[in-house]
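Pasting the structures in now, so scroll down.
Shared between the two complexes below is subunit A, which pairs with subunit B and subunit C, respectively.
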Partner chain A sequence: MKRKKNSYYYNKLQNYGYIFIAPAIIMFFIFLIYPMIYSFYLSFFDWNLVGPKIFVGFKNFINLLSDGRFLNSYKVTIYFTFLSLLIIMILSFFLALSFTANIRFKNILQSMVFLPVICTMVAIAIVWKFMFQSTGLLSYISSIIFHVKIPWLTSYTVAPYSMIFVYVWKAVGYYMVIFLAGLLNIPEVYYEAAEIDGAGFWSKLIYITIPQLKNTIILAFTSCVIFTFSAFEQQYVMTGGGPSRSTEVLGLLIYKEAFEYNKFGYGSAISVMFFITLLFFSIIQLRIFKSET
Partner chain B sequence: MLIIIGLIFIFPIIWMVLSSLKLNKDVLAIPIKFLPPTWNFKSYYNVFTSQGYDFPRYFLNSVIVAIFAVLINVFLSTIAGYGFAKYKFKGNSFLFIVILSTMMIPFQSIIIPLFVLIKKMGLANSYLGLILPESLSGFCIFLMRQFIKSIPDEVIESARVDGASEFRIFFSIIIPMSKLAIISIIIFHLQWVWNLLIWPLIVITSPEMRTVPLGISLFSGVYFTPYPEQLAAGVSAIAPILLLYIFLSRYFQTSINITGLKE
Partner chain C sequence: MKKLITLSTVLILVVTLIITFSIVGCKATTATATTAGAATTAGAVTTAGAATTAGVATQKIKITYVRWTQPPYDDMYLKFAKDFMAKNPNIEVEILFYPDPDAPGKVKTAMSSGGALDCFSVNNFESSWFMANNTVEEIMPSAFGKQSLQEVIDMWEPGSLKVTGGFYNDKYYGIPEEEANYSAWINTAYMKEVGLDPVKDIPTTWDEFVNVAKKMTVKKGGTITRDGFATNLKASVFPFLILSALMEQKGLDWSTEQGLLSSLDKPEAIEALKTFTGWATTDGIWDPGLFDDEREGFGNGKTATFLTGGSWYWGVLKQYSVKNEDVMPFKYPRFKDGKDIGGVGYGYTSMVAKQSKNKEWAWKWLDYMSSFPNVIITGGLYQPRKTLDPALVKQYVPNSDVFVNELPKATVALTSTKFNEIKDAVGAAIDRVITKGMSNEDSIKQLKIDVTQILTK
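Our next item is the complex of A and B:
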């Protein structure tokens, strides 16, 4: 018995789709979408969780724009995000490229680079905190080999870079795997044809590899921006905001405003700014990448 | 050359393990001692029998939360993935985009309202309060949908012709054929839940409900910093996931690969 695709029964069957997606949609709405909306709502109030909510309109936002601490945090987060993004993307891409060639111990080496990704950030943060201490391993190396004492976590100029260093170390493996997957999907024939035409390493890279990787690059870039912008645990454990708030990223500030100073309305306003910024970046990235055909 | 890079990546972890077995004074001693001059296996014992910090309990909590969060995640992701992939209904694309866009809502931007919500539901400081929010992953739904899309329609059609109900099709055909993707999302989500600090930090207020990352972040000595013990706690936290990775490494990488990069 053959059914025609347009039959009534077949169309009714498609409604089963609603049943299948329902649990997920409900859960997502309750625990992700509704909180998102509620966050916007809360940002118009002054609230310490136990007292009444006091409606203040846009006052939180106006205060934010003149709040030195918020502006500093915003700046720190943006700097952290984009510098890390740059280094991570370049490093992970070239690492992935190197791993497409046939090297001995390829799997083991790949695993070694990937290992920090799955380690608990808290544990990692503690290790690096020790290594960065003035009697720690890194300080020892830098003073013996380079004859310079680097205040890794104690100087407000150096600390942000130390954080970027650790973050990049931990994250590169993840994006390397993403790029590797994309690279392995490029058909060999393109390269062979190019080589016949006499293309060198850089030509192949620019004219074949990168265009073929467009979707991969979009994925890598957008997820890197989102994850890095949301950094929290590393800063919380390693520096608590750093010497003179030099590593106080937005994630950390939101947490402090709400759960240490009990300013839930103000914290929500920061969350709103946080989200809007992320949205803005994502839209820009999609624009940039879509326009490059 | 690459070997050096590999070593750089793995070096801090090695140092961590070695230092967890040193005596307190040797961890940060100058000149640097790479290997423990005296081996101190007591550090791990101290961690797990520590008075103020009930690490065995923390591990139990982490295990419970991880298992249930992952189970719920697998359930939600597989059925939603199937629903989105194989059914044409009005709003399919729209709702899928909604789910995708939740990937852009990192925990940090909703910790405040989520906390208020959990509190109102009476789930603060409870297992459910940890498990429910931690069981959601738009990425996993995306992954399952991509994977299930590649299952031939004919298989499903012929099962319908044979009279199978939609749920029967789901359990008997889709699930077995998606084993690879399911294992991948299990691993992907498991390591995220296990390592998560921010949510337990906010929701948990009593010591006996703490998860491992939370316990480690609070673990400090009264009169001095117990370096080897802190490192030992860290190693213990990493160890389960590490073991999982050693045995199942190809699934870790596969989970990132099946992102359907060719749309």
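Our next item is the complex of A and C:
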């Protein structure tokens, strides 16, 4: 009888919990799940927002495969993502490692590295755009100090790297904090034992730190891929996809196809490919970095 | 072991889904207007407000009108709305202002959702999309107090309804809101600075234009710090419109889709493109990396000339540091052996949405709004209504001969429901040559492939 009473009470408590999270779930469904499902549905249609939806089956996807602009955009996004990922992971990891040591002005330096994370990307993009102008700060520094005139945003070979530079500058603080949290969770006894056995910095790093950080690395890696792949505001503000579409990422192409060309079906098809790509990467990453928990 | 999924859990999930789909399935009514009231990049979204007579709770007819924001003209339109409401106490006019590039998108969204939208103004490049997709009403003569459509057409200068984009497939859907043509603008203070005469040395050909711009280009340590000429390479519409004028001056037809496509096989197309891209690549008068917006750049003295300003620019220039007395519009240069065609002629047309529940009042508002050409001209905006006093044009539009006289020779802009795609493709063609170093010939070939794909997809 008492067990039944407890079970009833527990179920009631659980249901109240669902009610409390219901508003958040509703918002999640409205702004994420429903649009995603609708996007999948739209990708099979030809629709310009005001006319009737015309069912075209897989035609949008077939056209995508022969669309040079989409393939270019895909390539640009992959390149931007993986190069940014590589730099961010290495830089944020070593920054986190540095900040575990007792260095002077640690808090101030940490705050400085983290500050760009809390600024909006649009504001950052506008400021950096001015700095990249041919009479901007960075151009001035490069011409005065290095005697080199760099077309930061007007060369199709340089512009992609300028974008990566800004993105890394903005994002590295976030991943530094993730790594920092992981590093602080590693028991000191492992390092003490290793020191007793005569292990140096690199040995401790390779045999203790990195293995202990495996789950943190998985988290950082996966989230970095997802966030970087979804880049849009930076390219929209700074370059509009140019020069010569060298910075036209998938997010920007989706926006143009849907909202400028009114091809919502085609834009949705690109979104579906975007989703499939991210899903594919996420599965691969999770398989490679199999969690031990 | 307790069950995670109980009947009540499932019920709660189902209820959540029902609420979700109910909310997203609802048609937005005032939601659109409210959202539109949020900050835009211009930050100046206002409404005319409701001018109700005190204590009278009458059933008001609300007219929602969407237009682009352009200080200092926004206040004029708000005043027109206030006066209209004072004359018609049962009418409430709400004007929603959006940045020019965003306004057509907002209108399309409102149309798609059935949101609050009765009438709107849009540029002639985008208007054909609305007419082709059957989203707007034909002109209603009775709302203008006229018996026939021809009487309404006769209220404006001949041909202006077509030029401003209110005509499609033999039908009239819009009335002129503004008519303009791009002219070339030059900073006369810079001309004097380099020893040029602002009267005698005004360029009449493209070769002269380059020579004059070269003299006014300032370089410091190999970097251009003041362009001789500039346009916004990132916003493809401006390079597209300048190139359209060059193409038409070369005798090519860029006013229709097929005309544009077939012109790409001709050597004149390469010559026109070469002229344009040469300003950045070989002539050294334009550094696209110096700044983006040429209207702002010219106004702040960072470029000596630009080619995308209409008579309205006089009003816009007041916001910037360069003084009105130091600038001058002049006729678009020509090719030595080219056609006598000027800068692009364009306009804005005002239309009534098919979804409007008060079409007659919407037309009446548009008629009222566009019946003040003598007020709008004080800001430099030219509205081709026949009641416009030519003396006021001369008074408020300095060098009005450049605008008014050139209007009949203006380049006819492309009319296409795929205007945005085509202009982006042309922008990319120009971009490829300037930033990627591609040859003009290869770029034209690629442009032909792109345009063919756009038109056949």
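FYI, the second predicted complex is superposed on the first by the 262 of 293 C-alpha atoms of A that agree within 3 Å, B and C clash if a C-alpha of one lies under 4 Å from a C-alpha of the other, contacts with A are read in each partner's own complex, and residues count from 1 in each chain.
Operating definition for what follows: contacts are C-beta pairs under 8 Å (C-beta built on N, C-alpha and C of every residue); 3 or more make two chains touch, one makes a residue touch a chain.
Keep in mind it's a predicted model, so treat the numbers as computed, not measured.
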Which of subunit B and subunit C A:Leu250 touches, first, second, both or neither | first
Of the two partners subunit B and subunit C, more of subunit A gets touched by chain B
Looking at the overlay, what does A:Leu13 touch: subunit B (first), subunit C (second), both, or neither?
-> first
A:Tyr34 contacts which: subunit B (first), subunit C (second), both, neither?
-> both
Should A:Thr135 be classified as contacting the first partner (subunit B), the second (subunit C), both, or neither?
-> both
Using the touch definition from the top, say if A:Ile103 reaches subunit B (first), subunit C (second), both or neither.
-> first
Regarding the shared-chain residue A:Phe275, is it in contact with subunit B (first), subunit C (second), both, or neither?
-> first
Which holds for A:Pro160: it touches subunit B only (first), subunit C only (second), both, or neither?
-> neither
Answer with first, second, both or neither: which of subunit B and subunit C does A:Tyr236 touch in the superposed model?
-> first
Dual-contact residues of subunit A, meaning touching subunit B and subunit C, are 14-15, 18-19, 25, 30, 33-34, 49, 133, 135, 259
Residue ranges of subunit A in contact with subunit C within the complex | 7, 10-11, 14-15, 18-19, 22, 25-26, 29-30, 33-34, 48-51, 63, 67, 129, 132-135, 139, 143, 149, 151-156, 239-240, 242-245, 256, 259-262
Contact footprint of subunit A on subunit C as seen in their complex = 2, 6, 8-9, 12, 16-17, 19-21, 23-24, 105, 108-109, 111-112, 129, 133-135, 221-225, 233-235, 287-292, 418, 420-421, 424, 428, 431-432, 434-436, 438, 453, 457
Which of the residues in subunit A end up touching subunit B in this complex?
-> 1, 3, 13-21, 23-25, 27-28, 30-36, 38-39, 42, 49, 95, 98, 103, 105, 107-116, 118-124, 126-128, 130-131, 133, 135-137, 140, 169, 172-174, 177-178, 180-182, 185, 215-216, 219, 223, 226-227, 229-230, 232-233, 236-237, 250-251, 254-255, 258-259, 264, 267-268, 271, 274-275, 278-279, 282
Over in the complex, which subunit B residues touch subunit A? Could you list them?
-> 2-3, 5-7, 9-10, 12-13, 15-16, 19, 27-32, 75-77, 79-80, 82-84, 86-89, 92, 95, 98-99, 102-117, 132-133, 135-136, 138, 141, 160-161, 166, 170, 191, 194-195, 197-198, 201-202, 212-213, 216-217, 227, 230-231, 233-235, 237-238, 241-242, 245, 249, 252-253, 256-257, 259, 261-263
